[in-house]
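The structures considered in this document are given below.
Across the two complexes that follow, chain A remains constant while its partner is chain B and subsequently chain C.
After this line comes the complex of A and B, so read on.
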């Protein structure tokens, strides 16, 4: 292991301080974050009282600081002491062992290494959201948003269509999944007594997820088949009409509650379930877009005729892309319904559409990183800026317009996401090669 | 039969709102090849501007500062609000679309959506959440034509919107500016090289479209005198559907498709329960697009398609 001084460091391009942390691998950062959230568990409240905050700041203190400016110094101190200092310190201290461990694992058992990273990430999220219920909801909704954004990116980013049908897919999934769980496992006024004991419900919840995904995928046929003949704006209209039709259809089916919606879903969208689904979704979609199907999607986007000439079966490609994307949107819909434990057709309207589109285009087209960044940042921003009340809806759109003007394809677009590169250890030679 | 005629008149009125808004979408599309998704909210803003102008004029004339007959108030309201909203349209073009002219089209669509949200929220901040009531600008008179009831308002709405659409058509056909617009729609790349000022043409297109949207907003306010900040969303998207259905970039097509959409919605509500209106209306549109994928009056794909 070499000292950090060996690293070539162009002045002005990086903060001088950052030099000391350049060699910390992802494993080290996760350990540091874990230390930070555990510190919050144990001494968070005491520290909050010490810096004259009434309680632990929920989302990094924005909700206090925006409403009561006198709390700003306390909040800044809290964030420095609880989040920043332990993360940096532990990350730096564990640099050498973490690098060694990551190196051994990445060389011999890469799957184990990925599992370890995910376990650490889950532990961080679990401890962080353990502090109060609001955080838990925010984390779950954010993970679901990542799934929806990613699945929309398959169509809008990788295939280059402007699809407006995702609220419709989500609605189909949410209702199908809710019908399965409510009819089978709960005593409800809509479907009568439970058909199966509720105790085995959580184990059969994946079946509800599958059912939701499959119903959404079948619904996607309505959009996929016209897409053989139409492109661009006409497909946008067809998908938009699909969203209207689904919403209107659900409003007219009294069995699922009509416009009043449906409530009483069992509380099975726990954090582990949502986290597992999000991880599987990111993994599967990432493999999909890096496979030959993903390349075919890009070929269809860039020039459909040329793709057809180069033996890409465009109809098959479009069909697979729509069904695949709708499946994940449907799964996300089931999870969404079971997080809120209430759905109504109004949830899946134009508002939802604008939000999902904003996340995709903010984060970046044709990029898994971009979708994750877009979903997390838009969701977190809209929760953290809640105290601004109505002004929030001036601020976020302005931000998006600026992003569109200066980076028209989004923040992180056209970037490949390779989990096996993320888990590599960092040593000086590695850093040199990259810079 | 009289029910049918009555609904026909309602459909004409309802369709004229869609037509006026869809023309704005279609014009912007034919020049710049992008859809101005803020257009529905420009319609909403136009209605509110009309409300402000009408209230001010009525107050002025009630205070006796300037005595205006009621028909003059109506005309002035429409004219002033069209001009003000046209300025808003040009501003939107300058801020939101001009920097993005060479960007992917979807980025401009996102900017449009976001400008729409800003307009809605700005309206909420300025005027608060309560709905406002549009002042009655003309005394309602109802004519009974053999069981069919027609108000002078409905006649006026249809006449005004048709004459605005016709006026625009004449403007585009017979003036130098209109010729520049048609040239720009024909070839977006070469025509600017011939000395046609693209920025001025684009700004003018937005101004014309927004002016028509403002007229639609005022007419809507007269027919359904309760305004709320979110009324533009649904209208905007539906008029977008009409613009596509008519064939993109075709003004005649957009006008007709606006009326067709109005007819479909009204007559579906007449025959079926009204909760099924959207379902059936959009299923019909989906079917139309499956069989005529480039709209009713559009041309099939050509080299003009710029992605």
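After this line comes the complex of A and C, so read on.
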């Protein structure tokens, strides 16, 4: 999301152009984006044909442009006309009413205001992914990645320990949730006939999510009890072992299909469900890390002995944070299994771990913004650069190395995420104070 | 406002530039390739891509495929699935909804093929995996097919071969318990062998875990069990370790394997210890005749390597699709109808002369009926066709 916070630092011409848009509030930008995706719905195909593209560019044109460079001018024109122009135009035109509305709502009913922003964001995502089902699956996987990244950030960023067990938690969640939905609501070769009518299934899906999260949290106890007695690299080693144990365990349990995996999950990870889960996850984790528990967690990270001396119950704090983080990884696992409608233990191995860690460290430690930015950018990049095949695996790691050199703690680290400040209107005095 | 003016001018210029040229649309049919180009098994992706490209070039050189009196050229849309399940699902969705392919070849490995098959079936797009042997890939999915035989078929094929050829009665099995493919194969073989020779005729049934490198305790048990031969359905990188250690421990009896042995690397890694062993395969490069030999020679000339089983199965998979398009009756231009017609034509395939055997699909199943090749590793280290085994 483009927030104009750091704009005044930029030099010259850019600043002059940007000045027109400096006072557009978040509400205005969301409305602008909504206008852009609606424009794509109605005239996207015609415009694409006009600029000699065979179809609407699905991921900002990368998939065409990388394979056929002659399409680059058409793609750029399309992006400018469909995305950039309506967003800027509508954002600017609605600046005054949006500011007024945001002001009234923020003063009187901040919760309603947050709901309105989220509804607009959902509408944008919904319309954008409605154009093409490929976008839909990319959006769903990306939102799930945001959840996993954020939950790992609680341990690796806020608590300052190095945990490698998130693929294991995801696997536990994915399998537990799948067992619940498959056994209860579908006729399968593994568990026999459905125990409950499938029609009520979607309403009970939260139970499956909860079950997945709880199983993952119980699994986290296995890691937490032995490793939190000491400090240092032990957690990394024990949690890595845990990932392997979970993988081997599932491979040897025939009831859930062993190494062949388990398929036939009902298709309940729809966009509204995934979006709602991601929003709840971000909200709850954000509240957690800004609560007294979060502060205690930071104290434990910076100096455990000092924290203990300052009456922080370090054992308890670490345990709660770890189980909490595992719970969300488990929920993400359930969603993941129901998006793919197939799970196998091989998916939750070292490669998965490397990807989640990359997203956490790329985005930024100790930061909700960072996790969102990291997960979205790594996921989108890896999707957009897919046509490059092997070169993609040179480009993305290179990017990671550069980030580690110039911003060792990640792109946006140690930054507090305050939703109530985001929804505030922007007036001239506000902007001046910032600059 | 200045920026908006710039946009307007740019847009106008662009429109003027392109509106003159209206693209000529030659009749082209797109076939998707969903392959493991990066990730754990890049060789598989490379072979898939090579074989498919060769096929498409062949067809286009001949002017295209003739359907309903009109010739259509073929075009490939290649997607890399990184050997990951979620990427395979994304790649399949992209091929179907963005590239609008008429049919898909791949993914090859089951881990990717099961979720991708789900998507292909949901969108009613024919998909043929060359290499995936997990029953779930095609089960209950009318739009998903495979070009290879199943795991449960290799067990009986080997059991028949060992019984008929050598009159063996006692078998030993060594397999990886953590890997889907070897485990399934070992189970099927045990079941079949015991059905033939009575309970307890598999005298040793030993397992290990992926990435183990020391098999001496399992092999000692096998040697002491009095088995007449050893069956080890492992991958080509593990087989040399097993065979060499077995020979060092004094095992002199035959060692049989599965189609996962079929790689040039096997003989390179194993040396002379593996010579004289047999395995079940989809095809054999040495001693091949007819169309198979022609394919091997041309592939070698083009890419500088002997095609492995993935390349051969991909060739047959895309051949099945080509054959399906030819028999689809008519290409209407409505991609949904055309996919359905191609699917029906593929399902009705009878005695398709593939290079890995003659392929037919039984009614209501995407698993082909074909014979297995028993291959011998000859003294020169080549994979030589030995005999056919048709259970």
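The working rule: the second predicted complex is superposed on the first by the 421 of 435 C-alpha atoms of A that agree within 3 Å, B and C clash if a C-alpha of one lies under 4 Å from a C-alpha of the other, contacts with A are read in each partner's own complex, and residues count from 1 in each chain.
Just so it is clear, a residue touches a chain if its C-beta (ideal position, glycine included) is under 8 Å from a C-beta of that chain, and two chains touch if they have at least 3 such contacts.
Just so we're clear, the structure is a prediction, and the values are computed from it rather than from any experiment.
In the superposition on chain A, A:17 makes contact with chain C only, not with chain B. Of the two partner chains placed by superposition, only chain B is touched by A:398; chain C is not. Using the contact criterion defined above for the overlaid structures, shared-chain residue A:316 touches neither chain B nor chain C, since it reaches no partner. Once the two complexes are laid over each other on the shared chain, residue contacts for A:238 go to chain B alone; chain C is not touched. Of the two partner chains placed by superposition, chain B and chain C are both touched by A:390. By the touch criterion defined above, A:415 reaches neither chain B nor chain C.
In the superposition on chain A, contact of A:107 is made with neither chain B nor chain C. In the superposed model, A:248 makes contact with both chain B and chain C.
Within chain A, the residues touching chain B in one complex and chain C in the other are 248, 251-252, 259, 390, 393. Those residues of chain A lying in contact with chain B across their complex are 156, 160, 162, 222, 225-226, 229-234, 236-238, 240-242, 244-245, 247-249, 251-252, 259, 350, 354, 357-358, 361, 365, 390-391, 393-394, 397-398, 400-401, 404-405, 408-409.
Chain B meets chain A in the complex at residues 35, 95-96, 99-100, 103-111, 113-115, 117-118, 120-122, 124-125, 233-234, 237, 240-241, 244-245, 248, 273, 275-279, 282-283, 285-286, 289-290, 293-295, 301, 305, 307. By the touch rule above, chain A contacts chain C in their complex via residues 17, 20, 50-52, 55, 58, 63, 73-74, 77, 80-81, 84-85, 88-89, 132-134, 136-138, 141, 248, 251-252, 258-261, 263, 336, 339-342, 344, 346-347, 351, 383, 386-387, 389-390, 392-393. Those residues of chain C whose C-beta lies close enough to touch chain A in the complex are 1-4, 7, 10-11, 14-15, 18-19, 21, 23, 37-39, 42, 79-80, 84-87, 89-91, 93-94, 96-98, 110-111, 114-115, 118, 123, 134, 136, 177-180, 183-184, 209.
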